[in-house]
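There are two complexes below, and they share subunit A, which is joined by subunit B in the first and by subunit C in the second.
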Partner chain A sequence: MKPIETVPKPQSPLREALAVFFGNWAATIGLIILLVVFLGSILGPYLYGVSPKETVNAPFLPPMADPSSPLGTDYIGRDVLAGILNGGSATIMIGATAALVAVVIGITIGSISGYYGGLTDTLLMRFTEFFQVLPALLFVMVLMTLFAPSIHTTIIGIGLVMWPPTARLARAEFMKLKTMDYVRAEKAMGARDRRIIWQVILPNALPPLIAAAALVIGVSILFEAGLSFLGLGDPNIRSWGEMIGANRDYIFDCPWAVFFPGIAIFLTVLGVSLVGDGLNDAMNPRFRER
Partner chain B sequence: MKQKLLFSAGLVVCVVILNFFLIRMAPGDPAITLAGQAGGADEETLAHIRKIYGLDKPIWNQFFVYVGKMLTGDLGTSYFYNLPVRDLILERVFPTVLLVVSSLLISMGIGTFMGVLAAHQPRGLLSYFVTFFSLGGYSLPTFWLGQMLLLAFAWYWPIFPIGGMQGFRVEGFLPQVADVAMHLVLPAISLGLAFMAQYSRVARASMLEVLGSDFIRTARAKGARESSVLFVHGLRNAILPVITLAGLQLGQILSGAVLVETVFDWPGLGRLAVDSIFRRDYPSIMGILFASAVVVAVINILTDVVYRWADPRLRSGGGH
Partner chain C sequence: MNDPILQVDHLCIDFKTKSGPVRVLNDVSFNLSAGETLGIVGESGCGKSMTSLAVMGLVPKPNGKIVSGSILYQGEDLVQVPEKRLRQIRGGDISMIFQEPMTSLNPVFSVGKQIGEAVRLHEDISKKEIHDRVIDVLTRVGIPDPLKRVNDFPHQMSGGMRQRVMIAMALVCKPRIIIADEPTTALDVTVQAQILELIMKLQEEENTAVILISHDMGVISQVSDRVLVMYAGRMIEEGDCVSVVQDSAHPYTKGLISCIPDIDHTKDMALSDRLPTIEGIVPNLKTIGQGCAFAPRCNQADEACKSWKTSPIQVAGAHLASCRKIVGSDI
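Up next is the complex of A and B:
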């Protein structure tokens, strides 16, 4: 005999979160923008086989003037469209890796601070505050000059200045979660601190941290663009910021070589921020009712 | 207040320590690093640097010599200009502070104003604009925005000057002030817009909260005009989180200033930092990091004073 179903089948949390995410038009638009950016950066270089680094046409060619360079050329005749399609992967890769470094540092410091509290917390939070008000760009500029500019220096440098907001958030989550019954039960069973921090609390603290990480990626992309604009990125890599920086002195002669890469950065960061906001709403039950 | 002062002093000391260790961690001889010039310094200069920084003494000794020098304002010598770094920096502090403070005023003023109006009609057009603007403004690269403003309002429509801080041959005090103000408009807007976007969002959120409280109902009940309810009774409370956020973001604003100064050829600290990097002028760039920490510390204390002035609850409590 079959049991009669009286209780509605509970929806899985993942499905519920997805429903909230896609019910949010801004988040959906953000995701579409990101998909376009990703596809363009992955497939673009193959579909549009023009070299981004070499002179392929006359310099200062406006967009649409020559069908072989639809977005025009820069001051030494490099194709702007090729630069945009090829520069995306470097920009996104550096931004995402730097954000990962920042999130790992932030979660480590924030979790220790929030879990132990007391003097440890006070000291670590002062340290965090110090990094938060430090003029980050100047600090990274010092790093880049003392240690030769390379893709690794860029990533580590950005990671070193981007972690404070994640640390504060992780701390808040840990302070909230450490008083939960399941954590207390684990403690009563004699679990060591390391286990409680990494295996009990962290998995439960992750959803808001993931949403925040998306925002860190956005800021890191902007930061990388700023560094490359100043000419402090890896000189062998074409990125959107590097394109803008390279054409900085020729902005009145070929504004398009500055305009289009900027639009690409803007759209990517906007997409990341919209998705991050959407994730935040989807993963944070407190915001669901709104 | 005491806490704020301690924190500000701590910030400055931390940057000094950071600088010291960065010089030691850099590959190669610290004397060469301190001399700058990409290792092109002559033996006499190097010997002189070793002597004045005590580089032949134990490391803790070097540390105290370095900290002592920094805190008494001796930031070393820029071998590029052959001038003390302190003098170079003092020349550049005013333009940077002028730029940073005017963008702060623009972004806090307009941002809060927009946020308050948006909160007045949470489902209104302006409210949606604020939500959209805060995300968009946040995603714009500051330097690119500056370049676009430059293209539009200095080149295509030549309303504002293309760069620099002063024009040539402007005589008299008032014309000079007006001239600097004209030069300031585009850089200040470029630097301030991203922050304005964030402040409008924060002000809208806090104002929405404030508008539900009892004293607003009281104000309305006694027949106060809506504009007075919003801008006299409400604004005071809505602006507090904006001030807090602005205080936390001072470092970011200075970072933005480095980029904006580069775009507009603004003769400030950021410009000097970028130039020093390409000249491998390490004493200057480390001195600028130090000076920027001092600027952040001082403005941080000032925001605290403004906060106390804006929040009467803290004023009566004394708090010294």
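Up next is the complex of A and C:
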């Protein structure tokens, strides 16, 4: 006779989340897009050894016209494919770092505000609202003109306008979680506030925050592209936005020099958003119930 | 008996509300000695949990406030000591077991890590020693295969197992006092008995004092040495378990005891007979006056009860009750 089967042990939370994530076809496609973009940006410059900054061919060369420049050249004869392969790392780096700045500021302010409540909360939230009502683009433009437009100013500028939504989300999570029994139990064990905020509540608040952070990366990449398009990016760094910006006066003479970097931005942001959505679903306990 | 390690003296706590302060604890006093179990009984909102929170120094701020009274722990007044000292006492000297084992454990960490953290907060010892302590305490609370279970997450355990983990967390620093706030309410009856037995066994091993809070007179009468009955933030009867249960003096205590279904008695009862209940509801603490808080629901109350300023009256020995009828009938 067969022995009675025991109840299967529940899977670990991470395993379960991964199963939900990869069960979501949109998220999986997003991840594949991102992998292609990453690989292209890391390996591309080595495999395709054309300089993105130098004139390598005749200007206004359409795609496929010359096999040595498959995506054509721009108005001063720089290779568009080389620009896309080399510009990816700058675009993603700026987007991701700016998002990191935003998320760190947002989580710090949001968690303190949500945990302590009262006057602290009121003051911090008014401060957050101040940043939220600033016209984002104008604020960063002012920053860029006051300080020299460098990669650091870009990152800090974008980080400063992107943090309020994260702060509000972190605050909401903390307000919800601080009343949980395990937080009370932790206090009864003699833990101090610092430990409760960072080591007890934050790990529980992370899932929605990670999902939100992924979306912030997408928006930051767009924002960087917008700044570069307006000519406010670092002129020494070739990013996708900068490529579009540099060629905007010649958009009718060489549309491909604007079109291909635009497609690259579009695909990357789409990939990040799909992955962010997938993470949100995978980490949200509501979707985990079978 | 030996000297009390905890003396709560005339403790009053107010809660700030929109319509002014409400007295949630009114003149509560009791003593607790090492190795003793004190049961606190009462309905929801009678101040049982507030009493335990006050002892832990966790009265919800900024709305709750200790207005007067003292809580002496081995001569130290917990109402006056700074927060830093309170943190050392919490978990180290006095620890607490909560009602809801399902939500009282942090879902993102393994149970072993959580018990280990409880040690780390109070003692400066190496990882290896912490691990040994955790395994040891898990064995003592009766978790089978502790070497494997130590890495389990709370959601991989049953309610009874989690409550054992909570008890392990409360015990791991060898506290002098354990406050168990409705430790068995959320559990199955069969598991309830096991958990109560476990608490009692561990208490004997370490000579710990236990404050057991429950709304269930049945649970309290099984395990307590002394019983404190509370109603509307006041103590209404106090004494050793046997006299309070068998010779209860206060009509409310009598009512509570008659609410316990008695299996022998039920056999003789006709099917139509119903379990007696206490009519009415707990009074609103805002509208309570000077008189006996139970008077509106009491079947023996008269006009004088409504204005009688409640104070404990000796029934016999250390058995006290706050009912003026005791005076009237006996003296």
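Please note the rule applied: the second predicted complex is superposed on the first by the 282 of 290 C-alpha atoms of A that agree within 3 Å, B and C clash if a C-alpha of one lies under 4 Å from a C-alpha of the other, contacts with A are read in each partner's own complex, and residues count from 1 in each chain.
Operating definition for what follows: contacts are C-beta pairs under 8 Å (C-beta built on N, C-alpha and C of every residue); 3 or more make two chains touch, one makes a residue touch a chain.
A quick note: this is a predicted structure, and the numbers were derived from the prediction, not measured.
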**Message:** I want to verify the contact counts: of subunit B and subunit C, which reaches more residues of subunit A?
**Reply:** B
**Request:** Classify the contacts of A:Phe259 with the two partner chains as first (subunit B alone), second (subunit C alone), both, or neither.
**Result:** first
**Prompt:** Of the two partner chains, subunit B (first) and subunit C (second), which one does A:Gly49 touch, if any: first, second, both, or neither?
**Reply:** neither
**Message:** For A:Asp181, using the defined touch cut-off, is the partner it touches subunit B, subunit C, both, or neither? Pick first, second, both or neither.
**Reply:** second
**Prompt:** Should A:Pro67 be classified as contacting the first partner (subunit B), the second (subunit C), both, or neither?
**Reply:** neither
**Item:** Which superposed partner A:Ser273 touches (first subunit B, second subunit C, both, neither)
**Value:** first
**Prompt:** What does subunit A use to touch subunit B in their complex?
**Reply:** 26, 126, 129-130, 132-139, 141-147, 218, 222, 225-226, 229-232, 241, 244, 248, 251-252, 255, 258-259, 262, 265-266, 269-270, 273-274, 277
**Prompt:** If you look only at subunit B, which of its residues touch subunit A in the complex?
**Reply:** 7, 10-11, 14-15, 18-19, 22-23, 25-27, 33, 135-136, 138-144, 147-148, 150-151, 155, 248, 250-252, 254-256, 258-259, 262-263, 270, 273-274, 277-278, 280, 282, 285-286, 288-289, 292-293, 296, 300
**Of all residues in subunit C, those that touch subunit A in their complex** = 56, 58, 62, 86-92, 95-96, 98-100, 103-109, 117-118, 121-122, 153, 155-156, 166, 169
**Fill in**
Residue set of subunit A touching subunit C in the complex reads 9-10, 12-13, 118, 180-182, 184-192, 195, 200, 203-204
